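Listed next: structures, encoded as structure tokens.
You will see two complexes here that share subunit A, one where it goes with subunit B and one where it goes with subunit C.
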Partner chain A sequence: MSALARIDRGLWLRIILSIVLLVAGSILIDGFATTATLASITENVGLIGLVAAGLMLTMVVGQLDIAVASVAAVSGIIALLAGQNSLLLGIVAALAAAGVYGGVIGWIIARTGVSSLVLTVCMLIGLRGLALVLVPQAPAILSDDLFWVSDGLVARIGPTSLLGVIGLVIIIALGLAMRGTRLGLSMYAVGGNVERARGSGVNTTRVYVAAFAGSALLAGTAGILASLRSGSASGTGMDSLLLDGVTAAVVGGVSLEGGRGNIINVLLGALIVRIIAAAVALEGVQSSVESIATGGVLLAMLLVDYALARRSGLPFANSWRVLAGPVRI
Partner chain B sequence: MAANMAEGAGTPIVVDGETPGVSGRWGGWMQTIAPIAPIVVIFVLAAASVPGFVSGPNLIAVVQASAITGIAAIGAAAITIVGKFVSLAIEQQAVTLAYVFTAMLMVGQSLTAAIAVTLVAAILLGAVQGYLVSRGLNPIVATLAFGSALYGSVVLLSDNRTITLRQNPVAWLGGGTSWGVPNQAIVFLVLLVIGTLFLSRTRLGRQLVLTGANPKAAELIGIPVRKLVVIAYVLAAMGSALVAILVVGQVSQASSNMFDGLTIDVVAAILVGGIAIQGGEGQLWRAGVGALILTMLSNVMLLLGLDAGVRLLLKGALAAAVLLTMTVMKGRGR
Partner chain C sequence: MLEIRDLSKSYGAVAALSSVSFSAERGMVTALLGENGAGKSTLVKILSGLVVPTNGGIFLDGRPIDTTTPDRAKKSGVAVVQQEISVLPNLTVAENFMLSARFGLLRRAKAAAECRGYLDRLGLNNVDANRPTGSLTVGERQLVEIARLLAQDAQVLVLDEPTAALGDRDIALVHQAVRRLAAEGKVVLYITHRLNELDEICEHGIVLRNGRLADSFATSEASIGRVIHAMIGRELDELYPPVAENAISSAESSLVLSGLQPSALHGPIDLEIRPGEIVATSGQIGSGFVEPLRAAAGMATVASGDMRLFGKPYAPRNHFERCAAGVAYCSEDRQLDGFFPDRPVWESLSAPALAASGLWGVANAKRLRRGIDRVADRMTISPNYRGRAVRALSGGNAQKVSIGKWLSSDPRLLLVEEPTRGVDVGARAEVYRLIRDLADQGLSVLFASTDLDEVLGFGERVAIFHNRRHVTTLPTASLTRDGLATWITHGSQHG
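Let's look at the complex of A and B:
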């Protein structure tokens, strides 16, 4: 079976699943089939999609950046704190900080061979601390004369909002860059087989730096957009972005083994996650149901992925790579 | 393993199974004391500069506070040793088990029955995670999902209520002291000794260590690798069960936020102690040392009046520093 056919089958599966969920939601839940719900879903797909796209970058190169939620929180806070006088300055400062941070992490991983998972868990802890240091008690607030930004971001554009459009444009541009540029293709090569990629002249350090800088920038963008939307950023906020982002990426068929993943499927993954979240919210049940649903979907998808890979004899079923070495991912 | 032994032959302090690659006396020695050095440094600095640090009650408070993280970390270290880093569902399973234990006592079951049911629940929780991971699912992502679903279920079933015990049959264990030492701390130390003996003296313990060191070789010589991964997760869940029982004994209640931050503390303890990078070497004491360093650091910062954010920031920074130092030292000899 060609790789293309496999991707297509996965794509159709996700499209059908999204449609089934949308139809089921419309029939079963009052108030689901409204433009407001649809706009809320697509807006959040833009947001979660940014985080998932960042995770896809690091997963494609065969690593995992587990610190995305902390990066998003810190970026949002920097944007609001540094943006007191000039919002543009705040956004640039936050993105610059995220990009430099991600680049340094990628460089360290490339140079020392340290497990990305373990290093980014340290960063998850440390950056959450940084977020709490920056705003110890009351959250950072967007100044009154800038509230038009919040209103502008949620302004409806077709079936989504401005925030949704910004997210989708960035995500699709990234998808095109992944397939159309040398660096993007090198990422898939490194994720497929790092030694072979290096042997054929790929600069692996550059690839890792790009993947982690990209992941931090995308998570940072999501954090900034979310903070601007709500007009505030707290030290403890955004921690659900990790689970949502990972679920969207995994439901979107990005392999944790590296080398596989495409942006359209990730967007569909984010769509599926958000449809379920919207349905849970509309039903008016406790938010604990949402964590059961998201966690359950992620687990189910991991198992489906495992079963499919096993049946088609892909390397996933042969778990040497997962077992090899203490924590190599 | 034989090669490592030969390399370390001239070095008296090299621990059995020391990392390959660090050449000569210096490297091995450095690696052994590296995790202990921060304890000494923090202790000396704190004693010199922080008023009230070197007082009997405060030192006992430090040991007591490190006991909970330490016990959970010793359990979780089984996962690290078998080569799967850690479970991200530690605090969720501890909360679940605390509810199970408290609920059993509430409905009038005997202490023995309550403990038995809690342990059975722990075995189940551990076995499910272990099974998923042993099939080749990513350990971090699978336990993240499992923890989320588990926590949601517990909050839903308990209606997010705090349940309080009127009579607490384990108060002596959770809150009491023997000869001036908190019982929790005694449990911590006893568990550390038992765990170390288990890893070095029993067949199962050695198999765990070997699986983490080289899963391919372990499978080739007939070790049931998948079964051992399941056992490691079960051991971690048993650690969480013990933590749940001790804390319920201390506070006489179960609530959904009683273990907030435990997973982070356990992961940080495992990283700071250095066991994560050594992987598959079975140096369990590193997990205990990691917990002690972190608690001492937290205590000093608390006495200095630093807030939670700074403490968390330093935990992450220290974990990263130890991780990178040990990785670089390990890589240099290659």
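Let's look at the complex of A and C:
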């Protein structure tokens, strides 16, 4: 019982939906049931999952960092620019920048109570500008003698690639940390009710800083991996990470209200999103179809979660207040 | 022994607490009494580290202790059960315990086993440590909160109205726990508005008034009259106003429930209320005693039976139909739906009249306010308060707003849940006075309450509920407090 406590009621639903989509795709679409497709799906689940896991951190504490895509873009650019000679230096610099950004945002939100939605929209725009300042014309390019990194990341490992493995390992480690550390538990507490959490002895400032720094680090990691994979990082790139990440997190049942959400469901959310994307890509139909399909699944999952929450008497409806007003602090 | 020496806290020119000194012995339950605004909550906030005092010190066993932050207060051995309990509903019981774990890594199985012991000590034997706290009753959550403090090995326990939201069975559990804590040699500060709790569990009493120490006494020597005098600074003639002699009485019933079967109850309700009558419903929490109010407010699904309002069939499906029928309803959670906490008082007062005037008209703020002033006069809400945010008012004045707002729409039937929960004794008399006056002018009142003294003193008749059944309706004049308690706990006259 205790091992399953955090695995909520929607888990089986998401597993079944993933299987149904996989089976339907295999039957209906030529070339879907191949290891290449599977590897592509899992690799991207690792990438999107990193962003979604980061969003989960901020959503669990009852906030939202909407600037994750900009953070990923800037991190990717820094990694390539600073990594011209030593790739390690580039990665460390990029992660340090992302971590500092997240920590500062978390600290400001904890101390001033300003709405994270508003603050991070500023950051979304500002960091995108910074990305374009860093690489005004041509994208940053991975130097030729480092192209083995690119090849290495997409090297097949079982049903996925090295990039997929890196992403999944980080995500699962995060999931274990959320469940097994007091900091992780404190995040759920803060998201449940920040006053009560403080009353229970939780250092809420530290929790906000950790959530936003963690989110930025995960988004930065995703940005670095994506840049290394493609060997280039442009000032306008990685825009889609935000929407994909948010979709994966919400399909994964993370509550915008805060205090609820777990990593396994988020991974399944990312999986569902990527299966749809892969199916649409193979069918060769327009990307508008992918948007409609993803939007439809998102809506369906919200309705199902709503119904499940109603049955167990939890106040799911409150999460809609987030959309109508400022994010609850 | 806990000593408070010369403690002061001022906000600008306003002194919330001025040179308060008293001591509380280990092994005793010390009651901390006072009206809203007397400085109790400031004192509690200082003890819990949320507010830093302007002056003065706190000493435990002769040594000064540091309560400048919540963390330091906790380390100093001070634990506070806030009025708003702080257990997190989205975490399990064991997880709530683990929030204050000493190490960064959680040991879930060990924590669950450990908290089991504390839960059992408080009589929560049937509560699984891995259940989400949100699925527990309010009383059980209160006890989890106390259990969590036991686990932290606190030396000073401050309980801020721990029984305000509890039914009799849970109150007994809490009292038992509090006595045990005192017997273990802890300092227990017990804040309450229920004066009968003084005799039941407190050995010593401290009264604050206007931020100063007003009285300090052993409860065995102090009369209720002395306590009330210390609290409000004057004699309180009568808490419950008598029925006026020239009160309107009528043979026609205003509300009749005959064989009404709400889905939440196991048996039907039969109840009749006449104009000018104040009728109580009572029972333990979860006994279904609020169901007649909910049904009459259109909030409960009704399986069968008949409800009539002034002779006409009445079956409201929502608040809109209820208002149209002239029925006013105040829920127990007035913070949630009693008023607009952040808006000026007059806006809350005008809301029912505004709603009744339809959606598409033009609202004339000036005319609305004039009408509201008339209502506010009747409710003795001082003109100074009418422009202030409701949040800034005391519990008593806030309750007057949440009940009084209905006067602007001239209701014929008033339904009130827990009319004086969290309202201090002076303001309580005013709330009773307000409702009694309305009843004397012909309004029918049905109120639900777990406060036995209130049921007996204020209600003319009481509908008693037990185990989700309406067991009987009795005139309160013929009931003793013990008699009513027996009815409520056993559902019959004999225990």
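Keep this in mind: the second predicted complex is superposed on the first by the 298 of 329 C-alpha atoms of A that agree within 3 Å, B and C clash if a C-alpha of one lies under 4 Å from a C-alpha of the other, contacts with A are read in each partner's own complex, and residues count from 1 in each chain.
One rule holds in what follows: a residue touches a chain if its C-beta (ideal position, glycine included) is under 8 Å from a C-beta of that chain, and two chains touch if they have at least 3 such contacts.
Keep in mind the model is a prediction, meaning the values are calculated, not measured.
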Look at A:G192 in the shared chain and tell me whether it touches subunit B only, subunit C only, both, or neither; answer first, second, both or neither. second
Any idea whether subunit B or subunit C touches more of subunit A? B
Quick check for you: in the superposed arrangement, does A:A173 touch first (subunit B), second (subunit C), both or neither? neither
Contacts of A:P136 with subunit B and subunit C, given as first, second, both or neither: first
With the two complexes superposed on chain A, say which partner A:V202 touches: subunit B (first), subunit C (second), both, or neither. second
Is A:L183 touching the first partner subunit B, the second partner subunit C, both, or neither of them? second
Tell me which partner A:V23 touches in the superposition: subunit B (first), subunit C (second), both or neither. neither
In the superposed arrangement, does A:G259 touch subunit B (first), subunit C (second), both or neither? second
Where subunit A meets both subunit C and subunit B, residue numbers: none
Residue set of subunit A touching subunit B in the complex reads 64, 66, 108, 112-115, 117-119, 121-134, 136, 235, 242-243, 246-247, 250, 256, 286, 288-296, 298-299, 302-303, 306, 316-320, 322-327, 329
Please give the residue numbers of subunit B that touch subunit A in the complex, ascending. 80, 83-86, 132, 135-138, 140-142, 144-153, 155-156, 160, 212, 215-216, 225, 264, 267-268, 271, 276-280, 307-317, 319-320, 323-324, 327-328, 331
Contacts from subunit C onto subunit A in the complex sit at residues 48, 70-71, 74, 80, 82, 84-92, 94-96, 98-101, 103-106, 108-109, 112, 130, 134-135, 148
Sites on subunit A touched by subunit C in the complex: 1-2, 5, 179-183, 185-186, 188-189, 191-193, 195-203, 259-260, 313-314
